[in-house]
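What follows is a set of structures to go through.
Look at the two complexes coming up: chain A is in both, with chain B in one and chain C in the other.
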Partner chain A sequence: MTAAAIDALQDAVRAAASGGGRLRIRGSGSKDFYGGALEGDVLDTRALRGIVAYAPTELVVTARAGTQLAEIEDELARHGQMLAFEPPRHGPGATLGGVVACGFSGPRRAAAGAVRDFVLGVRIVDGTGEALAFGGQVIKNVAGFDVSRLMAGALGTLGVLTEISLKCVPLPRVERTRAIDCDAADAIRRCNEWGGRPLPISATCHVAGRLWVRLSGAGPAVSAAAVEIGGADADDAAPWRAIRDQTHPFFAPAVTGPVPLWRLSVRSTAPCDDLGCDTLVEWGGALRWLVPRAPVEASRLRAWAAAHGGHATLYRAQDKSPGVFQPLAPAMAGLHERLKRTFDPHGILNHGRLYPAF
Partner chain B sequence: MLDPAFTSALAAIVPGEALLTSAEDTRPYECDGLTLYRELPAAVVLPDDEAQVVRILELCHAARVPVVARGAGTSLSGGALPIADGVVLSLAKFRRIVSIDPLSRTAVVEPGVRNLAVSEAAAACGLFYAPDPSSQIACSIGGNVAENAGGVHCLKYGLTVHNVRKVRGVLVTGEIVEFGSDALDAPGYDLLALVTGSEGLLAVITQVTVKLLPKPREARVVLAAFDDLEKAGAAVGAVIGAGIIPGGLEMMDQPATRAVEPFVHAGYPLDAAAVLLVEADGTPEEVESEIAEIRQVLTAGGATSLRVSADEAERLLLWSGRKAAFPAVGRISPDYYCIDGTIPRAALPRVLAQIEAWSRDYGLPCANVFHAGDGNLHPLILFDAEKPGDKERTIEFGDRILELCIEVGGTITGEHGVGIEKIRGMCAQFPPGALERFHGVKRAFDERALLNPGKGVPTLARCAEFGRMHVHAGALPHPDLPRF
Partner chain C sequence: MNAATGTRGRPTAEAIRSVTEGLRLTCGDRVATGQAIRDQHGHGEGLADGALPDVVVFPQSNDEVAAVVRLCAAARMPVIAFGVGTSLEGHVAALYGGVCIDLSQMNRVLEVHAEDLDCRVQAGVTREQLNAELKGTGLFFPIDPGANATLGGMASTRASGTNAVRYGTMRENVLGLTVVTADGRIVHTGGRARKSSAGYDLTRLFVGAEGTLGVITEVAVRLYGIPEAISAAVCQFPDLKSAVDSVIVAMQLGVPVARIELLDAVQMDASIRYSRLDGFAAKPTLFFEFHGTEASVREQAETIESITGDHGGSAFRWTSSPEERSKLWKARHNAYYAALALAPGSQAFATDACVPISRLADCVMETQADIDATGLIAPILGHVGDGNFHLVIVFDPARPGDREKAEGLAARASLRAIAMGGTCTGEHGIGVHKLDALVVEHGEAVSLMQAVKRALDPLDIMNPGKTVPHAGPVAGRP
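Up next, the complex of A and B:
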C-alpha cells in the first residue's frame, strides 16, 4: 500500500513536471496558516502512514511522513522515550512530515535542540519525481552532504518527504515547573544567568508578568535546582502544551482573530525593547512572540531582530504582503535559488511557500 | 605547474613568506593525518585575514585553479590532501579567539583555533565546548566544522553540527556569506547544517560562532570488564534501554586494552574480552544516582568486574587509555590504519566476529575501539608499509569492513569524513540519483568545481571505474553531468 502511495506521488510530480503544473504538499493541513502562498493542486501525504521501525535501545525511530505525531509520540512514551524537540502540533491531526518540513520545535528547543538536530535520515520524492534517500538510521553519519537536515524547515520546496528517521531520547525521570513573578527584562536576565550553570532547565516562558521554568531530569537534581532558582511550584496550569500549540490565551488575538503574530528569533540576551507589542518570551530569551497592540511596521521588527543577531517571521497573518520570512542577502538568495533548481528544476513543489521567487 | 602570472598575482596578495612554492617548503603539506595518500601542491598560501582569502579565491576562480583549504591537517580521511596543480589555502594564521560571551554562552573564534583552546579559554567562565575529537589538542575548529567532528561525549552533547551557531565563510567567487545566526535558527534553508561536514567543498570558513555549555559539576567513570564481546555489546544497549544517556560510553576489545595498558598503566583488566567505559556527569546528586544505576545494569549484564573512579585523577587515568589508543597502537606496530564506520548497535556482535575472521584471513591484527553509545566503530588495522602487499591488503580489509557497515544498515563514515579515502565506499553506499543531487549541491555553491575537487563525492565515472556502480549498456547515466 505504501509502495503504491509513493508510486502515485511520483506520478503526480511527473505529471506536474510535464504539464507545467504546481503541487502543494499537505498532510492534515494543521499548518496551512504558515508560510507564503499556497499554490497548486493539493498533494495529500496522509496515505504514507505508520511507524516503519523503532528500536528503543538504538534511540532511533523511522516513520512515514503522513504518520500523526500523536501516534509516534504515544509509541515512544510507551517505551519511556520522546522526541526531544517537543514538536508543536497546532492541530490534532498534525503529521511528522509537516513538523519536519516547517522546522518547528517547541518549548524544549533551547535545552535539547531543534527538529533539524534530531533528523538522521529522510526519504523524499524530489521535483523530478525521483525517489531518493539521504542520511540513514544511525546517530553518527557524515557520508555525503547533509541533505536530510537541509529538508528540515525547507517547507517542502526541495522535495516531498515520504519517510523520516529521528533520534529519540529517554523521557526525563521527573518534571517540575516553577513560577516566579517578575517582569520580562528580569526574566531574560535570570534565564541567561541560569544558562551558564549546570541546571536541568528544559523550558522557560515569560508571559503576563510571570516566568515559568520547567525542570527535567533525575529527582535529586530537579529538587536541588528548584531551590536554587527560587519561586514556587506551579499548579496544573503550567503552560507548556498551550504554548507549544498556541492555544494559550496570549495567542488568541492572532489564532482566532485578525491580529498578526510575529516570531522574533534573536540572541538570548537581546533587550526587552518596547516594540508596541504584547510579548511572550521562550527559549531562555532567544524566542520572542509578538502580538502588536496597534499596527506595526514589518521593517521595524525586521531591523530590530537583525540588530540583535536574528530574524523576524510573520508567523500568522491575514495580510502577508510584508513577506513572511526575513529577506536574504543576495549571495544567500542565489544559493537558495540554485539549490531549489537542483531538487526541483521545474519549480513544482510548494512554489512561493518559503520565498516568492521560488 | 602554475602559470607564472598567476603566481605573481598570488604573491601580490600576501606577504612574501606567506606564499610557498618550492618542493622543500610545500613538503609539510603533502598529506594530512591519513599518510597513505600524498601529493605535493603547486603552491601553499597562508593569508592573514578574510580580505586576503577573498582576493585569493577571486584569483583562483578567475584562473580556474583548484583550492584545498587546510586547518591543522589532522584529517584521517585525506580531506586536506593537496591537488598537484592546485593551491593549498592554509588557515593556520586564523588563530584568534575573537570573543567569549559568558551570558549568551557563545564564543566567536577563527578557524585555526585549536579545539581544546576553546574549552580552555571558556573554563574561566565555567563553560566548555562539547565536541572533543581524540585529536582535540591539535585539530582546529575550521576543520571540525568541515568534517562535522564528533568525539567521546557526542551521544549526550551532540556533534559539531549541534554545537555551532554560525559560520562565516567565503564562496569560491569571493562572496562573503554567513550561515546560521546568533539566534537559535536562521531564515531560509538550513545551510549551516549543509555546510557542516561539507569537507571544504562548499566554502572557505573564516569565522565560527560556537555554543558553550556549563561545565558539569562532577563526572565519574565506571570501568566494566566482560568475558565476552557480545555481552559487552548487549550491556551498552541495556544502559540506554534503562533510560540513561551517559556522558561517555566507550568500548575497547582485548587487543586494544593490551596495546594501551603498557603505554598508560591505567590498570585495565587484560584478561577481559572487552571493557566498557561509562561516564556519568552532572550535579553530584545526579552523578551519584546515575552511577548506582549504571552499576546495577552492568552487573545484571554480566560484567566480571567494575571499578568506579574515586576522584578526578582516577577518572582521567581510566580515560587516558581510550584517548591514547591510537598512539599506543602506533607504538606496537610500524603502521596502523584507522577505520571509521557506524552501525546499528544491535549488529555489533556480527560485525566484530566478521572483523576478527577477516583479521585472521588477511594475517593483519586488528584492535577495536568503539564509540559504543552511538554505534561508531574504529577498527585499527595493524600493518607494515615496508612489507610488500601489506598496504594493499590493509586497504582491502578496510573497504570490506565499510561495506559490511553499509550492509547492516550503517554508514561508511561516522565522524572522519569521506575525503579521498572513502570515495570508493560512497559508490557503494549511494545510488547514482543521490550522488547526482550531491553534485547539484556542489554546483549550487561552486559551479566550476574548484574547492577541494575529487573529495567527498565521487563522480559517477569513478564509481563505474571501481566497478561498484551499475552502468547500463556501457552508457553512464546523465553523460552531460559535469564531473569533479
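Up next, the complex of A and C:
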C-alpha cells in the first residue's frame, strides 16, 4: 500500500513536471498558516502512514512522513522514550513530515537541540519524481553531503519527504516545574547565568511577569537544582504544552484574532528593549514571541533581530506583505536558488512558500 | 573509470606560473612553491601516499581567501583548503595539483561571548588553542577527535570524537560559518542565534562537505561550562559482547556519560605496553568519563558500575586525580601509535564505520575474524555509545601484497557496516578512499549529491575528486 502511495506521489510530481503544474505538499494542514503563498494542487501525504521501524534499544524511530506525531510520540512513550525536540503540533492531526519540513522545535530546544539535530536520515521524492534516500539509521554518519538535515526547515521546497528516521531519547526519570515571579530582564539574566552550569534545566519561559523553569533528569539532581534556582513548585500550572502548541492565552490575539505573531530568534543575552509588543521569552532568552500592541513596522523588528545576531519571522499573520522570512543577502539568495534548481528544476514543489522567488 | 579519478587533467605549467604570480600580488611572500612545503601539504595522516599541490598560499583574511579563489576560478585551478593536515581519508591530497590554501595564519579567536556560551574563531584555530584561550571563562569546547585539529578542518569533516555521546558532533555544535564560495564570494551562514538563519540550513551543508563546496574561513561554535566534577573509570570484560551490552543498557537509561570508549583485547595489549598502563589485562575494556556536579557524577558512576557488574565487568578502577585521568585518555588517544609499535617498521592507517548499536558486537566480531584470516594486526577501538568503531590496520609496506590485504580489509569493513544497516564512515569522512563505498551506501542519491556539487561549484575547482565521485550531468538534472 505504501509502495503504491509513493508511486502515486512520484506520478503526481512527474505529471506536474511535464505539464507545468505546481504542487502544494500537505499533511493535516495544521501548519497551513505558516510560510508564504500556498500555491498549486494539494499533494496529500497522509497515505504515507505508519511507523516503519522502531527498536527501543537503538533509540531510533523511522516513520512515514504522513504519520501523525501523536501516534509516534505515544508509541515512544510506551517504551519510556520521547522526541527530545518536543515538536509543536499546532493541531491534532499534525504529521511528522510537516514538523520536519517546517523545522519546528518546542520548549526543550535550548537544552536538547533542534529537530534537524535529531534527523538521521530521510527518504524524499525530489522535483523530478525520483525517490531517493539520504543518511540512515545510525547516530553518526559522515558519508557525503548532509542532505537529510538540509530538508529540515526547507518547507518542502526541495523535495517531498516520504520517510524520516529520528534519534529519540529516554524520558527523564523526574520532571518538575518551578515558577519565579520576576520581570523579563531579570528572567533572561537568570537563565543566562544558569546556562553555563550543569543544571538539568529542560525548558524556560517568561510570560506575564512570571518565569517558569522545567527541570528534567535524575531525582537527586532535579531536587538539588530546584533549591538552587529558587521559586516555588508549579507542576499543576506548567504551561509547556500550551506554549508548544500556542494554545496559551498569550498567543490568542494572533491564533484566533487578526493580530500578527512575530518570532524573533536572537542571541540569548539580547536585551528586553521596548518594541511595542507583548513578549513571551523561551529558550533562555534566545526565542522571543512578539504580539504587537499596535501596528509595528516589520523592518524595525528585523533590524532589531539582526542587530542581536538573529532574524525575525512573521509566524502568523493575515497580511503577509512584509514577507514572512528575513530577506537573504544577495550571495546567499544565489546559493538558495541554485540549490532549489538542483532539487526541483521545474519549480514545482511548494512554490513561494519559503521565498516568493522560488 | 575509477570513482576517485575523473577526467580532469593537471594545470599546465603556464597556468601555474600565471596563478602563482597573481597569488604573489595578493599575498606577497606568503606563497610557497618549494618541494618540502608542497610535500608537507600533499597528505594528511594515515597512508603516506599523497598528491602534491603546485603552490601553497597562506592567506590572513577572508578577503585574501576570496581573492585566491577568484584567481583559481579564472584559471580553473583546483583549490584545496588545509588546516594542520590531520584528516585520515586523503582529504587534502591534491589529486589534480592546484593551489593549497593553508589557513594556519588565520588563527585568531575573534569573539568569545561567555554569557551566550558561544564564540567565533578563524578556521586555523586549533581546538587546544581555543581551549587554552578560554581559560578563565569557565567554559570549554568539548569536541575532541584526538588530533589537535583546526576548527575549520573539524567543521569541514564534521568531526566528532570521544565526547560525542554527551556533547554531540560538529554538526550539532557549529552555529554559523563564514565560507568563501567557488566563485570567490564571502557568505555568512547561520548566526549567533540558536535557531540558525532564515532559509535553507546551509551551515549543515558546508559542515562535512570536506572543502568541496567552498572554503570555510570562520566558525562559530557552542561552548559549554566546565563541569564542576569529572571522574573517570575503567572496567574490563570477559568478552566483547558483555562490554557492548553494558553500554546498550546505559544508553537506554539515559545516563549522560561524557565518554565511553571500547578497546578490544588486541588494542588493550598494545596500549598496556606502549602507554605503560599497569594492572590491566589484555581484555575488552571500557573507559568511562563522567561530567557534572559532584552529586550527579557520583550517581552516574554508581548506575554504570551496577550495569557493568551485571554484565560480568570487573570492579571499576577509579582514576579521579587529573594526572591519572589524563594518562588514561592519553593512552586512548595514542592508540594509533601503540598499534604501530606492535610491529616495528610497519605502517598503519585507520578506518572507521558506524552500525546500529545492537549490531555493534556482531560487526566487531566478524571484523575480528576477517582480520585473523588476513594475518594482519588490526586493533579495534570505538566510541561505543554511538555504534562507531575504528580499525587501525597495521601492515608492512616492504612485504608484497600486505598493503593490498590491508586495503581489502578496510573495504570489507565498510561493506559489512553498510550491510548491517550502518554507514561506511561515522566520523573520518569519505575523502578519496571511500568514494566506492559511498556509492554502495547511497545508490541513486549520489547523483543528487553530484548535482549539488555542480550547482555550488560548476567549474569543479573546490577540492576536486573528493566526497562525491566525479560525474557529468544526468538527464533531467541541471
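Assume the second predicted complex is superposed on the first by the 357 of 358 C-alpha atoms of A that agree within 3 Å, B and C clash if a C-alpha of one lies under 4 Å from a C-alpha of the other, contacts with A are read in each partner's own complex, and residues count from 1 in each chain.
Here is the rule we use: a contact is a pair of C-beta atoms (placed from the backbone, for glycine too) under 8 Å apart; a residue touches a chain by one contact, two chains touch by 3 or more.
What you see is a predicted model, and the numbers here were worked out from it, not measured in a lab.
Asks: What does the overlay on chain A give for chain B and chain C, a clash or a fit?
Replies: Aligned on chain A, chain B and chain C clash with each other.
Asks: On the A-aligned overlay, A:F250 touches which partner chain: chain B = first, chain C = second, or both, or neither?
Replies: neither
Asks: Tell me which partner A:W289 touches in the superposition: chain B (first), chain C (second), both or neither.
Replies: neither
Asks: Looking at the overlay, what does A:P56 touch: chain B (first), chain C (second), both, or neither?
Replies: Both: A:P56 reaches chain B and chain C.
Asks: For A:W262, decide between first (touching chain B), second (touching chain C), both and neither.
Replies: In the superposition, A:W262 contacts neither chain B nor chain C.
Asks: Using the touch definition from the top, say if A:Y34 reaches chain B (first), chain C (second), both or neither.
Replies: Neither chain B nor chain C is touched by A:Y34.
Asks: Would you mind listing the overlap between the chain B footprint and the chain C footprint on chain A?
Replies: Comparing the two interfaces on chain A, one with chain B and one with chain C, the shared residues are 55-60, 103, 109-110, 113-114, 116-117, 126, 130, 132-134, 136-147, 149-150, 152-154, 158, 169-171, 173, 192, 195-198, 217-218, 220-221, 224, 265-269, 283, 286-287, 308-311, 313, 325-326, 328-329, 331-332, 335-336, 338-339, 341-343, 354-355.
Asks: Across the complex, what residues on chain C touch chain A?
Replies: Within the complex, chain C contacts chain A at residues 113-118, 138-139, 157-158, 160, 164, 168-169, 171-172, 181, 185-189, 191-195, 197-202, 204-205, 207-209, 213, 224-225, 227-228, 248, 251-254, 291-293, 295-296, 299, 354-358, 383, 386-388, 421-430, 434, 437-438, 441-446, 448-449, 451-456, 467-468, 476-478.
Asks: Of all residues in chain A, which touch chain B in the complex?
Replies: It comes out as residues 55-60, 80, 103, 109-110, 113-114, 116-117, 126, 130, 132-134, 136-147, 149-150, 152-154, 158, 169-171, 173, 192-193, 195-200, 217-221, 223-225, 265-269, 283, 286-287, 305, 308-311, 313, 325-326, 328-329, 331-332, 335-336, 338-339, 341-343, 354-355.
Asks: Quick check: in the complex, which residue numbers of chain A touch chain C?
Replies: Those in contact with chain C are residues 55-60, 103, 105, 109-110, 113-114, 116-117, 126, 128, 130-134, 136-147, 149-150, 152-154, 158, 169-173, 192, 195-198, 217-218, 220-221, 224, 265-269, 283, 286-287, 308-311, 313, 325-326, 328-329, 331-332, 334-336, 338-339, 341-343, 345, 354-355.
Asks: What does chain B use to touch chain A in their complex?
Replies: By the definition above, chain B touches chain A via 101-105, 125-127, 147-148, 150, 154-155, 158-159, 161-162, 171, 175-178, 181-191, 193-194, 196-198, 201-202, 214-217, 237-238, 240-241, 243-245, 282-283, 285-286, 288-290, 342-346, 371, 374-376, 409-418, 422, 425-426, 429-430, 433-435, 437-438, 440-445, 456-457.
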